[in-house]
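Next up: some structures, all given as structure tokens.
Both of the next two complexes hold subunit A, though its partner changes from subunit B to subunit C.
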Partner chain A sequence: MHIPEGYLSPQTCAVMGAAMVPVLTVAAKKVNKSFDKRDVPAMAIGSAFAFTIMMFNVPIPGGTTSHAIGATLLAITLGPWAASISLTIALFIQALLFGDGGILALGANSFNIAFIAPFVGYGIYKLMLSLKLNKVISSAIGGYVGINAAALATAIELGLQPLLFHTANGTPLYFPYGLNVAIPAMMFAHLTVAGIVEAVITGLVVYYLQKVEEESILYKFSYRLRGDNR
Partner chain B sequence: MDNFLEKTILSIQNAFEDMFYSDTISAKKGIMQSLDTRIKLVSVFILIIIVNFGKTIPFMTIFFIYTLLLAYFSKISLKAYVVRVSAVSIFFTGIVLIPSLFNVVKEGQPLVYFTKNFYITKEGLESAIVFMMRSFISLSFVYILALSTKWVEILKALRIFKLPHIFTATLEMALRYIFLLLEIAINMFLARKSRNVGKSDSSEGRKFVASAMANVLIKSQQLSDDVYNAMVSRGYKGEYKTITTFKITFYDYIWIGFNIAFLFILWYIHL
Partner chain C sequence: MKKFYIAAIVIILLTPLGLLAPGSAWGEWGLDEIKSMIGYVPEGMSRFSEVIKAILPDYSIPGFDANFLQQALGYIFSAVVGIAAIVLIFAILGRIMGKPQRKNG
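Let's look at the complex of A and B:
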């Protein structure tokens, strides 16, 4: 899911980075307005949580393993704006200190994983709740759609590279496969495996929290952030 | 079916190792260690941008040698460094790029024939090599920076970019709690592994991973309350101050001068 360094042209990275600036600016404003002093540690620990669960290997049928990104889960817990900041910070630490993903690609990666995934996932979750589905099912569907939206954005960014950046004779300079290859390849993997893993894990976490009656954690921050009085 | 446990334990273990290794290397005396963190951060960023604009094999080769020398003079074990950086940039990228070598993706001058209409092209091979080298060099710079500097210092140095307070404060705190949460997580996985007898199916595994995540979430909730109380008892009023002691020295000027000269020569000989 992470785009490594060198796959995108510096121009693309600049555009994606620039696209994240307004997102993070609004996020910082929203969070500053609705968070109180108590919530700075909560956001820091939210980032640490995002980082930690991205390391968990999830077994899938057939004997191999996959990862979940937990973006929708974090958006349900902290609200999408704060989740966006927390996820960006987790990606930032991965890129700068652990060398996963790239520094230039950080703009694109955070656009996909820290903006598209939590917002789409959260939107779908709210939509499903309004259709009177229960929270476990709603969060699972949110997780599934969220990660697939992020995968689609990733595939489009990669697939645009050979169209936009090539030498005079048409040899691609960066990611060599066009949209016709990148989108089917990414979407096949995410619609069938990664999306289902994300959905199952997100749903199960919510189910487990309900079972141990710690469900309030999921909504403690986000209700206040949304201005709901619950 | 318990290999997800081992894989997770191993990857968490590696994160701890990375941090420990970085502490060891950053305490040594080398080129990168003697520079001011802010200068290092900015120059690495600029060098990565320049490398990503590179298009030719000779250009990449020069930067490839540059990163190897930089790693060597920063007292980084070359073997560990090459293995680590190659994992993504050469092996993973190499597999991704295999189809692009052939004429089916992009027509070009034939180089190696498999059949009459299916061959490796010269253009495909060249751009794959440039691609892998670019990826290798970019990752190298980040890797050398992360190893030669204390992580807390790198995060502190980010303040020169004047990011909003909510980011820098959160970032610096997040790093500390990552290791605390990772430890909680690794203990859960180790405990699960030690109780594992016989075979468990993958659905059981998924349930375990989900409950582990929920457990980490519950713990982090309690933790954030504790941390807040601890901060308040130490005088936290909503402002987050830290003491920085960065100092630009003679070495930093040599480093800047060298890099400007290096880039100027590259530009002058049109590589």
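Let's look at the complex of A and C:
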């Protein structure tokens, strides 16, 4: 789901980057207001967890791969705004040190993975809770929908490229496949495998966090799950 | 606390499992893969593909990826470097996070 450099036109990168500026500005304000300094390590652990979980590629039928992202899990445990910052920092490091996702495409990748995924996942989680489902099931469904929403956004950004940016004779300048190819391919990978992996990881960690004892370093991840909003 | 570190180390040591999945992610191909798929490399793709050069490209140590063992070690090393970089960024953010005295921290 990490869009590499050169796949999106510079114009697309600029628009997506501009879209992330207000998101991160609001996120920074919200986090700075509602978090205390002791929560910074929790955000760091969340960011490192998302970074690491994205290294576990899983095979997709047809010879491609995908991976979970942990976005909804971070949104549930840290709140969606803090999750947005934590995920953006993970994406920044991935792009900068490992060439996983482009630096110019960082705005687009952050929009998909650090904004769409945690907020959609969190919204679905809250919706499921209001339908009286338990937290583990609700979080798993949230994770499934969140990662698929991000995959859809990614596919749309990629699939628009040949439509919008081509030479006079119609040869694509950037990503060559249109929406009719990009959306089915991305959604197949995430609806079938990556979404399930994301759902299982999210549900399992939420289940575990509900049980951790107060002396555990992970306890600070669980106060939201306990309904304690401080 | 000790349990947390052990779990973290185990997860990091298991990351090479992620290398076992064959192929690239859909939409994350290298230029050579693009060429073999559609017969050419779109102009803009080749122009922007290397805006910056990653120091550990694709989570591997350049020149140290001849076999699975080397790739696995490079992958684990990449995980450690990435996590260290993230912790460093948050340490800096924690420093500049304003007005801690007004908070309960």
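Everything that follows uses one rule, which is that the second predicted complex is superposed on the first by the 196 of 230 C-alpha atoms of A that agree within 3 Å, B and C clash if a C-alpha of one lies under 4 Å from a C-alpha of the other, contacts with A are read in each partner's own complex, and residues count from 1 in each chain.
Methods note: a contact is a pair of C-beta atoms (placed from the backbone, for glycine too) under 8 Å apart; a residue touches a chain by one contact, two chains touch by 3 or more.
This structure is a prediction, so every number in the text was calculated from the model and none was measured.
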{"item": "Side-by-side fit of subunit B and subunit C on subunit A, or clash", "value": "clash"}
{"item": "Touched partner set for A:N169, first subunit B, second subunit C, both or neither", "value": "first"}
{"item": "Subunit B versus subunit C as contact partner of A:K132, first or second or both or neither", "value": "neither"}
{"item": "Touched partner set for A:L209, first subunit B, second subunit C, both or neither", "value": "first"}
{"item": "Partner chain(s) touched by A:I201 [first = subunit B, second = subunit C, both, neither]", "value": "first"}
{"item": "Contacts of A:I3 with subunit B and subunit C, given as first, second, both or neither", "value": "second"}
{"item": "Which superposed partner A:T77 touches (first subunit B, second subunit C, both, neither)", "value": "first"}
{"item": "Which of subunit B and subunit C A:I93 touches, first, second, both or neither", "value": "both"}
{"item": "When the two complexes are fitted on chain A, the stretch of subunit B hitting subunit C, from 185-193, 203-211 or 257-265", "value": "185-193"}
{"item": "Those residues of subunit A which subunit B touches in one complex and subunit C touches in the other", "value": "4-7, 9-10, 32, 37-38, 40-41, 43-44, 47-48, 51-52, 55-60, 63, 65, 89-90, 92-93, 96-100, 102-104, 167, 171-174, 176, 217"}
{"item": "Subunit A - residues contacting subunit C, complex", "value": "1-7, 9-10, 32, 35-38, 40-41, 43-44, 47-48, 51-52, 55-60, 63-67, 89-90, 92-94, 96-100, 102-104, 154-155, 158, 165, 167, 171-176, 182, 185-186, 189, 215-218"}
{"item": "Sites on subunit B touched by subunit A in the complex", "value": "1, 3-5, 7-8, 11-12, 15, 18, 22, 45, 48-49, 52-53, 55, 84-85, 88-89, 92-93, 97, 99-100, 105-106, 108, 123-124, 126-128, 130-131, 134-135, 138-139, 142-143, 145-146, 151, 154, 164, 166-167, 169-171, 173-175, 177-178, 180-182, 185, 202, 205-207, 209-214, 216-218, 220-221, 223-224, 227-228, 231, 236-238, 240"}
{"item": "In the complex with subunit B, residue positions of subunit A that touch it", "value": "4-7, 9-10, 13, 24-25, 28, 31-32, 37-38, 40-49, 51-53, 55-61, 63, 65, 68, 70, 73, 77, 85-86, 88-90, 92-93, 95-100, 102-104, 167, 169-174, 176-177, 181, 197, 200-201, 204-205, 207-209, 212, 214, 217, 220"}
{"item": "Sites on subunit C touched by subunit A in the complex", "value": "1, 3-4, 11-12, 14-15, 17-29, 34, 38, 40, 42-59, 75, 78-79, 81-83, 85-87, 89-91, 93-94, 97-98, 100, 103-105"}
